[in-house]
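Across the two complexes that follow, chain A remains constant while its partner is chain B and subsequently chain C.
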Partner chain A sequence: MATLTATAPRTIPGALKQPAVRKLLLLALVAAILVPLANARWASGAWPDALTVDLSEPLARTSDWIIDNRDSHPLFLYFFGHISNAVVLSVRAVYLVLLAAGWAGVTAIAALVAWRVAGVRLALGTAAGFLTCGLLGMWIPTMQTLALMVVAVLASAVVGALLGLAAGLSDRMDRALRPVLDTMQVLPAFAYLLPVVLVFGIGVPAAVLATVVYAAPPMARLTALGLRGADKEVLEAVESLGSTARQRLLTARIPLARKELLLGLNQTIMMALSMAVIASVIGAGGLGDRVYQALASVDVGAALAAGIPIVLLAVVLDRVTAAAGERLGTERKSPVHWAYALAAAVAIAVAGRLAGRLDWPEAWSLNIADPVNRAVDWMTAHLYSGVPVVGGTAEWAGHFTTWVLDPVRDGLQWLPWWSVLLIVAALAWLIGTWHTALTAVLAMAAIGVLGVWQPSLDTLSQVLAAVAVTLVLGFATGIAAARSDRFERALRPVLDVFQTMPQFVYLIPVVALFGVGRAPAVAAAVVYALPAVVRITTQGLRQVDPAALESARSLGATSAQQLRQVQLPLARRSLLLAVNQGVVLVLAVVIIGGLVGGGALGYDVVFGLAQGDLATGLVAGAAIVCLGLMLDRVTQPTERRTKKGA
Partner chain B sequence: MSSTTTSSTTSGSAIGTTPVFSVEGLWKVFGPKADRVPADPELAALAPAELRTRTGCTAAVRDVSFDVRKGEVFVVMGLSGSGKSTLVRCLTRLIEPTAGTIAIDGEDVRAMDRTRLRELRRHRAAMVFQHFGLLPHRTVLDNVAYGLEIQGLGKAERRARAAEVVAKVGLEGMEHRRPSQLSGGQRQRVGLARALAVDPEVLLFDEPFSALDPLIRRDMQEEVIRLHREEGRTMVFITHDLSEALKLGDRIALMRDGAVVQLGTPEEIVGSPADDYVREFVRDVPREQVMTVRTAMRAGDCGGPGHPGALAPDEVVADAIRVVARSGAAACVVEDGRCLGVVDHERLLGVVAGTEPHKEAV
Partner chain C sequence: MRLRTTTAVAAGSALLLLTGCGAADMTKQASPFANAQGAKTVTLSIQSWVGAQANTAVAQYLLEHELGYRVDTVQVDEVPAWDALSQGRVDAILEDWGHPDQEQRYVGDKKTIVRGGDLGVTGHIGWYVPTYFAKQHPDVTEWKNLNKYADQMRTAESGAKGQLMDGSPSYITNDKALVDNLDLDYQVVFAGSEAAQITQIRQFAKEQKPFLTYWYSPQWLFEKVPMTEVKLPAYKEGCDADPEKVACAYPHTPLQKYLNADFAENGGKAAALLKNFKWTTEDQNEVSLMIADQKLTPEEAAKKWVDSHESTWKAWLS
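And now, the complex of A and B:
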């Protein structure tokens, strides 16, 4: 198709010379032929029934078969069974070790590790973080989550590093893995839950494996990137000294990739935490489960008490691993100090044991649930509605639903199905290549074939509304931050914290403010996606060639002209990337919003899990995958994005 | 096919005659089905642009032949894209040549298996790179010891040997710094030390000083000259800087579009350029710094007994000018107590002006 347009005759009028116009014309031509045909055959607004394939029957049979054979079939007995047992045993072992160390021991060990790899300030922060977890009465769930995390992160890091090593050393492996890893990065976490539940059932093994599948890709990507990105001349120098391939790998390539490896580990840990919390839906237990239960009964206080430890854990893990990466190679750490640190930690743990204070003392717990709930009640009473002039939060949510979400959803569902496909094709082709357009259209069509056209469009309407809000706020904030150093400095720590928080946590405050429904899901998605959009926008605008800006200034351009005529056009690629990231991140949270009344696909997944109706859940999961693919491809600029923002 | 001119005169005193490297008809062609280009005389004769359109191939090195003699500094000089860096990498097969032969001490390099080739790289030829190629996560000492580590030497021994070399290149006291804490010149000293530490037969330099500031570059050139004087090691030196080539080289091979245009001593290159390209290249060279009095003199015995001035034939014209200007009279060129000829104002001015009768290249 691309070649067709390229060889168009030279005498075409000026407008036709623009590739965008040519693409649209060609598309219109294709549509003019196909649409009447399709319309004549399957005239209907929604996806025609004739074109759907009902998968629930075979899926239900598959799931029944698996449930029936889980204890007898050799595949489960000798393969999945062993994996499952190994996971359960190792999580249990780590959990017991953590409990045996006691709260004093765990805090001391964590603080000392942080001190050795990241410095005194982070060590104090780590200790404070752990003590706060105890103070909130969440010590046991924190340890449960931590045990699950330790096992999942270790497994993810090993799997990811091995895949990355393969992709880093073999070009063929790289070509095969890269599209898979890229696609996995854009899929919402929820999509990973059902396949593992199908195989392992609800429980810790499923939770750990879903976490591994979700968290291993960044490690694999960054390992491959590090191995491939090594300075060519250094490798040549190493080869010129007569090294063997093994020596090259061990003494040069892997050490040269240390920064990427640690960054990969950092991202893996963050994604694992995010998933370990979400996986409470499939039996992960721990902090996520507390949040999940609390949200189910709209008990914001209890949700917050479990949510704060999650955030603390995320911030501590992120800062410590990131600081370890930055401090790489600046100083030699003597093993003696490590020995001291270890001895001190063991001493504290033993002291805690001897004092008989293994469990966090009941008397030291601070119950924040009640005061928080009182505050929420007060908010419900005073802020929800009837606030003079501005109106209440519930009113906002209601207005947003009736004025924005409903019209968008109804509009989408009213559109004939083929026109939705056409819009998708046109957008994807204009922004990307005909490859991305084709994938996007096929993914959208697959949603129709799966028979979940209506709920998918519902989800899509929420995504579109959330993305629109995110982009308006994000671009405005990003432009402001790019123009004012002061503002950017003030903004940076806020963005840092927001970007480290797991998706799940965002649901807590929005439920407190807006109650349940579609509007709070959208609000959570906006808050989650905003930091990445702001950051990419700011970076893109700041990276604009200073010489171009200077020349515009020397010609007497006003700052508005500079922004409109120089900065924004030159930062086009970053802005498109911001849109892409915004869409991907928004989708992830809109889906999770199914837990707080967002409905649509996310609700189908939760419903499927809760009711044991795996068929419904799996179909919804597949639709989420397709929707994710479609949204990513539609907004994908010609070049691949670098990494996920969260 | 190239208008290669080989010098018949040898210059310098410590240079023997056994070639260390002997390169014969070497080709390196990049592109699809590269093998057919050197094999087909018609394709081999094509100009670079035509070759690219006809075959999609680029010939980085075209039919290059030369010998590197023991103990000499052999400079390969050319502008960027002339194929000189590819050429030096072909010598140890960091880039696999397409056709031709390479021999080190008479042993065929292209026929070597992997083990033998590793031996060559470990012990016989070590390379210094333009951007240093240091391992950022190792200290200076461990970088210098790296070649020895590759060879399997124990930690204590390799560190002791590395420490010696570090001292030799003037980096004492910086053993425990990391490359990122060093200046460009110091980094290249580490690169040089790493190559020296394995005590190779030949040192290969790939534009080692192009990334350095002019003043530091001069220091490093002096350092190389000093090392060469002290150790007499054979060196192959790649550069795009003509003055560097003239300063360091015992012989220079001038490359253009992958082929050697002229090969000779600095004096031959400057004094009798092989073609207009070389002439244009050396036009601005201060000739009195390169040409020797042997070229400038009027041959024949002065007849007198005193030999006023008594210049050695290898001295450059600039020195002769100083002598002649001081005495105000012609000076004799003397070798082994025998008078070879006489230089006077007229001959010396002729060299500076570039109007002296050209000695035809052989």
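And now, the complex of A and C:
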């Protein structure tokens, strides 16, 4: 009902010049008609019961049906069964190959590949990275994660490339796919876990498939972008040579899109890796599982020992694929070098095999868990409470909960439901188009219909508080980094590490510092979202036209004035993008915060996974999806939309 | 071009050959990491609490060093673990706290899981206050007096009421119903994971603050933070049948082992060892404490225990 507020007609009285005022007036008009109607019928603050649909019955029945029929129904025997089987077989095959190559062989092959595609420095880095994994006593888990990753990334790349090809060649497919891919991009990883568990059960197949679903969209988007962005003149030239459409695709369009394809692959790898860790909740095994197990015994050191190989894998894969993308087309490498490289790698692998040293030697290991735990203990012992003047972190958390989180949550829950929808509509319409506003309002209304209005607003309040903190800190750091090259250089590795570190690793130190509750969830979210916000802000400020700055300077503006009146306004688009990214990332972690007492939707998802109560979990997952969609649309600047098509 | 098509065809047909063209029963697919390189592998499920890690660590140590198996462990929550066990993705659960629904479904109806006997440890869930607080206020250990202390148990998270801290969502709990039905002035706050709960309890204990928490024994934390149980209305058979109306304490449960049916039949010595595995609460606590508090790796802790309790485990190998 109330969703109608946003479907306002597009004919606007011409007298009003300001589009913002026009939009708001129109919205107010629609509200003035609809709200009394809605209020008369369902007068209540929270979402009216009459408008909810209870899905728990049918969902519980579905889940039971699946479990009872999984070993007999043809759908499972002839379709899902084969998918699951193929995943198991391919992961196993890759794993066996990795084990057969031994640690020396794997390290050598990785280093040589890095050398060929990215140069000597990265090759050394790659080798060092792999050896560190072994040194930390994580060789076998690293190989398990790598095997899973290889399969997941290949599958995502193929699926993504095919979808991207379809969207790149056909306008209709593009129109159909783009909103879906856009949406998938903003969904928290946690929301993907339940549906696959429902069908495949806990284990590697479910983990791989969740990873594929999560990691394929960037590949598809960038493939489509690359195909559509191909230089028109080159294409015309090829066409004039009388080539067929298929020849054009293979000889011109795909080669021209190589850069985008590699960028897509790069993003796919990064997303697959982050998902591979979260998927340990559903039995992925490997490094993520070690992190998860270490957390059970509150062993931050051990969690870090498993977390470091993940970060190393991420950095190595990221740098190598990025370097490969940059080097494309600059030189043609002779296949002879490749042959040498291959021969050397095989020789090392065989040597390792003959020496009987396939497994990482146990004596060569470094125990970092103890020193790390001592450091964490010291930190929590001295910072938790009773610090003179500023107070301990526990007090901060308490104040933050009482003075910020509680009022925001209570305020949101106190607002009548239709006014929440109105606020969403107004914000989305002011920043975006009537289109984004409509989606945002529909998503918010769907949350109400699902019957999880109150917990969703609780989650929303945490997101808002975390975003506010993130933006204040992120903009401040970003501005500082944009003004000082040295600071930016010092900051870069820190940002890299925090962006790739699995969120699980810092959940426990956060609890040790802030106690159990919503405050640690917010803190973890801030830590996670900060790097992206800092990065985008810095980039945006640095891209401001130097001529504009120069002229401001020549007019005698102080550096504060330059910043306020020239840089910030000119970087507006980047700043809005930073807000958008910040919101999406914060939501992802606030959900995981369910593991440290964040409650609300995150807790429901964890509960659903833990108790096999898929009805609770799936409804909460769907609400998270809607919340993500709403938050993305509300913060989505109009420019992004028009720019993206290319 | 020709080359690419042929490779694609070859790869496709290889995949078809591998997967077989007939039915594929995904409930019979083992973990891809199992039995690698011809090693005999056993996959054990580890639940998130440390007692379960201790069971698994000792079983793993014996399987690897006495019987020459390779052991994989997977962390799975309690209920999904039943499903994984039924599918053979894990071979054994060594500590189950009682899931009648699951037992009926998999042991009774589908017969994919068989009972593995007693673990030898009795589990009990309850509400606990720290002993330092119980000594100052002895009457807090009666549930009727809990409301008197609600003020002192307040936190930012529980607002105007006292805080009753619950742990991981995977644990069996009636606490929300109990608080309602016993008319207590408390708010259940879910820590979301046991790790978070333990961290919070230790922080409270360091400051000697009062707190009320859902907890269970055997648990190593009692050695570090002594806690006293609050007496709830006595448990009677069936008093927890309706989850909405529960108003009684939690039962004492003899913890059980369960094995995958195939594994129990064809698992050879490994299955026999796991069936015979039986130890005491003290044994389990000893290992748990080494893992969780002295931060030994589970393997080192298991080795220490195995070295000093030969007579106990020799009996399991027969």
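The rule is short, and it goes like this: the second predicted complex is superposed on the first by the 555 of 646 C-alpha atoms of A that agree within 3 Å, B and C clash if a C-alpha of one lies under 4 Å from a C-alpha of the other, contacts with A are read in each partner's own complex, and residues count from 1 in each chain.
Throughout what follows, contacts are C-beta pairs under 8 Å (C-beta built on N, C-alpha and C of every residue); 3 or more make two chains touch, one makes a residue touch a chain.
Quick caveat: nothing in here was measured; it's all calculated off a predicted structure.
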Put the two structures on top of each other at chain A: do chain B and chain C fit, or clash? fit
Contacts for A:Val234 in the overlay, against chain B (first) and chain C (second): which applies, first, second, both or neither? first
First, second, both or neither for A:Leu563, with chain B first and chain C second: neither
Comparison of chain B and chain C by chain A residues contacted: C
Could you look at A:Ala588 and tell me whether it touches chain B, chain C, both or neither (first, second, both, neither)? neither
Per the contact definition in the header, classify A:Gly398: touching chain B only (first), chain C only (second), both, or neither. second
Between chain B (first) and chain C (second), which does A:Gln293 come into contact with in this model arrangement: first, second, both, or neither? second
Should A:Leu256 be classified as contacting the first partner (chain B), the second (chain C), both, or neither? first
Name the contact category of A:Asn373: first (chain B only), second (chain C only), both, or neither. second
Does chain B (first) or chain C (second) touch A:Val449, or do both, or does neither? neither
Three-chain overlay, closest Cα atoms of chain B and chain C, distance in Å: 14
Residues of chain A touching chain B in their complex? 231, 233-234, 236-244, 247, 251-252, 255-256, 258, 328-329
If you look only at chain B, which of its residues touch chain A in the complex? 89, 92, 94, 117-123, 126-127, 129-137, 146-147, 149-151, 178, 180, 191, 194, 198, 204
For the chain A and chain C complex, residues of the former touching the latter: 67, 70-71, 74, 76-78, 80-82, 84-89, 91-92, 95-96, 99-100, 144, 147, 197, 200-205, 250, 280, 282-283, 285, 289, 292-293, 295-299, 301-302, 369-370, 373, 380-381, 384-385, 394, 397-399, 401-402, 406, 507-508, 511-512, 515-520, 593-599, 602-603, 606-607, 609-613
In the complex, the residues of chain C that touch chain A are 1, 15, 18-19, 23-33, 36-37, 46, 48-50, 53, 72-84, 87, 89, 105, 155-157, 159, 165, 168-170, 189-200, 203, 206-207, 291-292, 295, 297
